[in-house]
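What follows is chain A paired twice: with chain B in the first complex and chain C in the second.
What follows is the complex of A and B.
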C-alpha cells in the first residue's frame, strides 16, 4: 500500500500544476459532454443520498433550546436588553417606558451632533452632523430614524464591548484565537437571514431580536481589530510598562489598550457601520424604523418616498462614518500648563449649554420640539411624479427595456440554464481545477469538500441559481469597474473624487442599492443583477485605483527611461503590480454579491435567498441554517481561492 | 571592585532565540560556536555570559550592533526569560520569582532607559514620567511634583503637556531618562540612553548619572557605542561579540592587555595615552630611593605628557590621592604608551 501511495504521489509530483489543472478541467468538460451516460449521482445527488442535515440540526437546536434550557437563558438576556432598549426608545422617540422623560426634542439632538462634529473635525463636520439631523426632522422621518437609532445606540456599545473582550481573549490565548477565527470568518459570510431567525426564536420578536442579530453581526471586525491592535503595540512600550512595575491589569488598562487606540477605534467605526447596515435589514423580522418603512414603500413601489428615505439612510450612514473616522485620526491636543478647566473643556460646556437651551426653547416653540405631518417638507408625491416622468421618457424606457430584454434572453437565462444543466460532478471538478491551479492540492480539496457538502444538502439547484446571479453580476461589474478604475487611476484629478465617492458608497447600507434597481427595471432578475452590479462595482473600482496608484514611482520612472509608452507602462508595469490588490477588490465584490443576492430575495428571486426568507415565517431553524451554510460555503470557497492567489502573487512580486 | 556580595551576579547565562531553545541548549555540546548554533536554526543572542556587578559600580557594555548587548540587559531585568544559566539580584535568583515578586522587585529596585525610548504614545510628557510612580500607587499630587522635578532636571521644562509625537528624538529620549530618574532605582539599566542627545546635554546627563552613582551608590549597567563616553563613566567595560563577553575589565587593562584578538582590534583605534593611568604602569620600588617631584596615580599618561618629555629621570615616583608614595613608573614605558609604540 505504501509503495502504491509513494508511486502515486511521485507521479503527481512529476506533473506540473498546470497539467493537473488541465486534466481536472478536461474531466469536467467530458462529464458535461457525456452527461446522459453519467451515473446518476454524478449528475445530481439522488434524493435517497441527501443527508437530512436540517432535521439533525433542528433536533440539535431543539435539544439545546428546550432540554438544555437555553431558552430561559436567552429570555433572561433579552429582558436585560429590553430594559436598555426601552430607555433609548423613551429618550429618542418617546416610547412610554421608564424613565418616561423623552422624547428629547430634535433640535437638542441636532445641536449636540453639530458640537460633536465640530469637536472632532471642525466646521464642515459640524455642518454635516447637524445638517443630517435637521434634514431628518424636516423631511418628517424623525420618529422612524430615532427608532432605528435607538437600536443602534444599544447594539453598537454592546457589540463593541463583547468584541473588545473577545479580542483581548484571542490576543491573550492563542488557542482561543485559533478556535474563534474560523467561526468569525463563517459569521462574516453567513447571509443575514441566518442571523435573523435564531434571533427571533431565541429572543422575542421585535427590537430585542433585531438588536441581538445586529450585535452578533457587528462583533467579528471588532474582535479582529482589537487583536490586531494589541499585537502591534511596540515591544519597548510593553517593556517600559513592565519595568515600571505594572501588574497585568495595569498593563492592559494603561499600556496595551491606550496604545492600540487607533485599531480599536477603527473597529468602532466598523461596528457602527455594520450595526446600521444590519438594523436596516432587521425590517425583515418586523423591526420598526427606517428599514421597515423603506421595505413597505418599495413593496408598494412608492418611489418618491423610498427615495427620500434612501437619502436619510445615506446621510445617517455618511455622518456616522465620518464622525467615527474623524475620531480615529483625532489625536489628543495639549494645553499649556495652567490652562483652566473651563478652557480645557470649552466644547463640552458649550455642548451642554446648547443642549439645555434647545430643550428650553422646545418647550415654547413647537417646531423645535417636533415637526408635525403638516409641517414636514416631504415631497414624496412630487418626486414620485418626477421620477415617473423621467422613467417614462422614451429614450430611457427604450434603453432599459432593451437592456432588460437583451440581458434576460441572451445572457441571464442561457447562463442560468447552463449552470442548472451542468452535472454536479462537472461543476465540482471545474471548481477543483480552479482551486488546484491557485493553491495546489489543499485548496482543491477544500473547494471539493465545500461544494460537495452543498450537493449533499439537496439544495444544489437553488445554490446554482444563487451562484448564477452572483457570477453574472460580478462579471458585469468587472467589465465596468476595472476599466473605469484604470481610467480614473491614470488621471489624478479624477482618482481623488472617485475614491471619495467609492468610500462613501461603501458606507451605504446594502438595502439602498435596491432603490435605483427597482426604479429602472422594476421587479425581476435584471433588477437583482443590477443591484448587485452597482454594489459590487464599488470595491472593484476602488481597489483598482488604489492598486495602480500604489505602484512605486521609481518603477514608473524606470519604465519612462526605458522609453515605454503610456499604454506599455500600464500593461507591463502598473497592471501586473496592481493585480494582487485588484484581486482583493474582486474578492470583496464577490462577497458583497453573495450578501446582496440574498437581500434581493425580496424582489422575488428563486434562489436560496427566497427559501431563506420563507424560513423566517415559520421557525424552521434547521433548514435556515442549512441554507445559510450553502451560501457561506460558496462564499468561503471563492474567498479562499482569490485571497490565496492574491497573497501568493504578492509574495512573488515581493510586495507586502 | 569585586565586592563579596555582588548586586547582580550571572553565571553562564544563555539566551537563544528559536523554537524549543531550552531543549536544544540542554542537548547542545559544549563549545559550540555562534555559527554552529546558527546552522542549527537558533540565534545565540547571549552566549555563556558570567558577570558579577558590584554595588555602586558602573559597568559599561560595548560591542557591535547585534552583538547582544540589549538582550543581555533584558536578561538581567528578566524582561525576557533566559534559556540557561542563572541570574541573581541581591542573592535572589530572579528566574524563581513569581509575578508578584517580580513586580515588587521592579517597583522597588530597578529602572531602565530604552534604546528606542518606549514612551507611551497616548500620555503627555508629564504623564509618561509619572507613570512608574502611578503604578506604585503614589498619590496624584506627589507624583506630579516629583515628575516636574526630573523634567526640569533633563531640561524639558515647558513641554510637560506635550505628547511624545510632538517632540524631537532627543527630547523623547530625555523623557525616557526622566521617567527612570523619577524613581531613582538602586539598579539602573541604561540602553544607549544618550544616543540621540547633542554633546552639551549629553555631557550634563553623564555628569548627572555620575553624581547619582557617587552620592547615592547606584549600580548602573550602561550600554553605549561611544568609547569616550565609556571612558568617562566606566568602572569596568565589558566587550561583547556574537553574544559572548570577550573581556570585562577596567578600561586601562582592556587597552593594555586585550584578552582576545577581537578586543585588540576593537580598541586599536583608541589613543591609549588617554585611557591609561599612571597607576597602572606603577611598579613597587622595594625600598628603592626616588628623588624629585612625584606624579599623581590617577592622571592619564596624556595628561602627564609634558612632564614625561621634559623629565630625565628613569623612574618617576607615583603618589595616590592622599599623597602617599605607592611606587615608581618607568618613564620609557610611559613614553612608549604616549607614542603609541607597544
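What follows is the complex of A and C.
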C-alpha cells in the first residue's frame, strides 16, 4: 500500500505531501478571505441545485414497502419474533401468553444467576451475579427489569446468530466482505433516530420494533469479530482438520469455530453491551421496561428514581460483561474417562435443585415471589434531595455561572459563528488538506466526496452546527481526559478505580446526564457540550491508560538505564509509543460525540439532531434517512482519517 | 350491567367464542402509554374499566406523536389524551389518511402558553399582563440572549409560533427552544433554588401545577382568525399577535375497527370524559404521592365509583 501511495504522489510531480497539504490549506484560507467574490456555489450550494433527495428516498421506501410487498414480509418476521418475545415475556414477567406458566419468581432467577457466576469464576462472580438480581428486586424494579430482559433475551441471541452467519460468509467470500464492510461502518455511525423510524414502520410499534432496532445495532461487532477470529486460525490446525478427513461442515463446526472461540466470545460480549446501550433509546418506539420508566420519571423530574434505574442498568451491564468475559477465558473442563454424569454436571444439578427449591419457596413466602411498592427499599426522594442540594450548592453554581458566561461569550458562539460564516468550499478544502496530509490522495478524495454530498443535501448549516458541538466537546474532553489518563497510568493504584469509573460512565444511560447538565447550565450550548463531554472523555482516558500501560517494559528499562528522568521517560518513550492507541481513543471519542450530540437534541439544539427529532413525529422516512446520512458521513470522514493515521504510525513504530 | 359482566366473564372462563351475541373479542385491547403521568394513569384507569367489563387489556409504550399512525393501522386500539395544541396536527394528518376517529371529548380544557412560577412576580410585579412582562424583559436576560429577555419555549416540533408572536407584538425577548418537556422542568427546578425569575412554556392539566405554583401570562385574548388575518389583534400588520386559546380540546381517539371488534368496550369509551381536577388528581397520585401508575389508577377508580360505573352500563 505504501509503495503504491508514493508512486501516486510521485506522479503529481516533485511536490511533497506536505507541500500539497499546504497548498490545499492555503487555498481554503484564500477562499475564506475572498468570500464576497466567490461564485455562489462555493459559498453555499444554491437552493435550486439541491435535489429533493428526501422525496426520492421516500418514494423509493414507499415503493419497496407497498409495491414490492416488503411490509408483508417484515410484518411476517415480526409475528415470528413476537412469538419468541411472548414466551420470554410470559416466563420473566407473566404476560398472558403461551406457555402461561410465568412469571418465574425473582429468588429463582437470582439463585440461578449466582450458580452460573460460581461455575464461571467462583465465589466473587457468584456474589456479583446473584447480588445484582437481589438489588433489582429489593429496589422495586423487578418487573421493569424483566420487561427489558425479556427483549434482550431474544435480541442478543438473534444478533449473535445473524452476526456469526454474516461473519462466516464474509470470511468465506471476499466479495461479500467487500460489500458488507461499508454497510457495517455506516450502521455503526448512523444516529439512533434513523434506526427507530424504519423499525416502527416495518416491524410495528412495541417490543418487536425495539427488538429489531437492538439487533441491528448489535450485529456489526459480531460480524467483525467472527471474521477476524476465523482469519487468525493457524495453518497447522486447518491441516490437522483436513488430514482427519473432515467434510466442509465438520471443518467449520469442529475446527474453525472452536479455534476462533476467543474472538467469537469477545463478539458476544460486545453484542450484550450494545443491547444494553439501546435499552433507553428503544423506549421511544415501544420497548417496555426500565427505559420507558426512566423516560417517564425524567419527565416529572424525579432525579432520584431515575438515578436508581441508571444504577440497575449499570449493574446488569457489569454483571453480564464480567460473566461473558469470564466465559471467554474459561477453558473447557476435561474429566477422566469413566467419571459419572453426576460428577461432571454437579453444578448443573445444584442449579436445577436450587431453582426448584426457590420456586416452591416463592409459593409460600410472598416476599420471595414479588416485592410490592411499599416493601421496596427505593430511596428516590432522598437521592433526589442530595442531587438537588449538590446542584444548588453556591460554590458550584458560582463556578457554573461563570463557565457558562465565559464559554458562551468567548468560545462557543464565536466558534459557531465562524464555522457558519466559512464558505462551504473553504471547509471542504481544509478537510481535504487534512485528509491529504494523513492518507494521501485517496483519503483526500474520500473526505471531499463525503463533505460534498453533505453540501449537496442542503443541510450544510445544520451539519456545521453539529460539527461545532462535536469539535468543541472533543477538544475539551482531550484537555481533561488525556492528563487524567496519564496521571492514572503513572500510578497503578489509580488506574483500576479510574477504569471502573470509565466503565460505569459508559453504561450509565446517557439520558440521565441531560437533566443535571440543564440544571447546571440551563438550556443552551454549554449544557449540550457538557453532556457530550462526559461521554467523550471516557474513551480518551481509557485508551491513554491502556496505551501507556502497553509500552514494553524493556523500553522503559532502557530509558532508565540511559538515565532518563520520569518526565523525560513520559515524553520521549511512553507517549510516542502510546500515541497510536491514544488516537484510537480519540477516534472513539469523536464517534461517541456524534452519537451523543443527536441525543442532546433533548436539551435543545439547532442542529441535525433537532431536525431528526422532528421527523419522528411526521413519519418522514426519506428526510430522516438524508439527515442520518449527513451525521454518518461526517463521522466516517473523521473515522477514516484518524484510523489511517493510527495504523500508519503503528507500522512506522513497528508495534502491531 | 352485572348480568352483562357475568355473561362475558363466563364466556371468558369457558373460552367459548359465540357468534350469537355481539360480544367483545377476546383479543387484547391495546392501549398506548407515553411518558407523562396523567396519560399513563388515565390509560390504566380506562384499561381497568375494560378489564372490569371482562376484556383483555395490554399496554404498550410508544412515542406520543408516532402513535396516531399506529392507531390508524390498528396496531394499538385507542389514545386517551389527544391534545389540541400538541397533537392536533398529527391526529388530523392520520384522520385524513383514514382509520382513526375521535370517540369522545373530555370536559377538561387544555391551555398551553407562556407561564411563570409565582416567585417571578417579585422581580416583575406587573404580571400577568404581557405588557408588564415586556417592560421587565431585562430581568430575564442571560449571557446568550444579551440584553433581551429569554423565553424558554417547548420543542420546535410542538409548533407554537412563539417567535412569530414576539415579532408581532414587538417584544424584547429571544425565544430559546428546549428539546423536551424534561428540559423545561429541569429549568424550573434550577431556577427554584435561588428564586431566579423565569418565563417558559407550560400547559394545564399538568403535574407541574402541583409542584410549582404559577400563572399564565395574559396575552391579547385569542380569537379564531388571529393567526391568519393580520388586521385582527393589537398589531394591524401581523398575524400571531395574540395568546393561545385558553380552552383547547382534549379528545379520545379510537381505531375505526374498534367498534366492531369490541362493541361494549367501544360504547363505554364513547362515554368516558374527565375533568381538569380529575386529571390533575390522577397525575398527583404518581408525581407527588409516588404511587406506581397501576396502583394510582386502582386508587382513583375506588374513590370515584359513582363517576365511572355509569359509563359501563
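The rule we apply is simple: the second predicted complex is superposed on the first by the 614 of 656 C-alpha atoms of A that agree within 3 Å, B and C clash if a C-alpha of one lies under 4 Å from a C-alpha of the other, contacts with A are read in each partner's own complex, and residues count from 1 in each chain.
As a convention for this text, a residue touches a chain if its C-beta (ideal position, glycine included) is under 8 Å from a C-beta of that chain, and two chains touch if they have at least 3 such contacts.
Since the structure is predicted, the reported quantities are computational estimates derived from the model, not experimental observations.
J.: In the superposition on chain A, see if there is space for chain B and chain C together, and answer fit or clash.
T.: With chain A aligned, chain B clears chain C, so fit.
J.: Is A:337 in contact with chain B, with chain C, with both, or with neither (first, second, both, neither)?
T.: The answer is first: A:337 touches chain B but not chain C.
J.: Tell me which partner touches more residues of chain A in the superposed arrangement, chain B or chain C.
T.: So, of the two partners, C touches more residues of chain A.
J.: Going by the contact rule set out at the top, does A:327 touch chain B (first), chain C (second), both, or neither?
T.: In the superposition, A:327 touches no partner, neither chain B nor chain C.
J.: Name the contact category of A:259: first (chain B only), second (chain C only), both, or neither.
T.: A:259 contacts chain B only, not chain C.
J.: With the two complexes overlaid on chain A, check the angle at chain A between chain B and chain C, Cα centres, nearest 10°.
T.: 150
J.: Answer with first, second, both or neither: which of chain B and chain C does A:415 touch in the superposed model?
T.: A:415 contacts neither chain B nor chain C.
J.: With both complexes overlaid on chain A, does A:41 touch chain B (first), chain C (second), both or neither?
T.: neither
J.: After superposition on the shared chain, which partner residues are touched by A:23: those of chain B (first), chain C (second), both, or neither?
T.: After superposition on chain A, A:23 lies in contact with neither partner.
J.: Determine, under the contact definition given at the top, whether A:237 touches first (chain B), second (chain C), both, or neither.
T.: Once the two structures are laid over each other on A, A:237 reaches chain B alone.
J.: Once you lay one complex on the other using chain A, what is the shortest C-alpha distance from chain B to chain C, in Å?
T.: Checking C-alpha atoms only, chain B sits 45 Å from chain C at its nearest point.
J.: Intersection of chain A residues contacting chain B with those contacting chain C?
T.: In the superposed arrangement, which is not itself an observed complex, chain A uses no residue for both chain B and chain C.
J.: Can you tell me which positions in chain A touch chain B when the two form their complex?
T.: 234, 236-237, 239-248, 250, 254-255, 258-259, 261, 331-332, 334-337
J.: Considering only the defined contacts, which chain C positions touch chain A in the complex?
T.: Going by the criterion above, the answer is residues 28, 32-37, 40, 56, 58-63, 65-67, 69-70, 75-76, 90, 93, 142-144, 152, 155-157, 176-183, 185-187, 189-190, 193-194, 207, 211, 286-287, 290-292, 295.
J.: Applying the document's contact rule, which stretches of chain B touch chain A when the two form their complex?
T.: The touching residues are 74, 77, 79, 99, 103-104, 106-107, 110-112, 114-124, 131-132, 134-136, 158, 160-163, 165-166, 176, 179.
J.: Over in the complex, which chain A residues touch chain C? Could you list them?
T.: These residues of chain A touch chain C: 95-96, 200, 204-207, 283-288, 292, 295-296, 298-302, 373, 380-381, 388, 391-392, 397, 404-405, 408-409, 413, 514-515, 518-520, 522-525, 600-605, 610, 613-614, 616-619.
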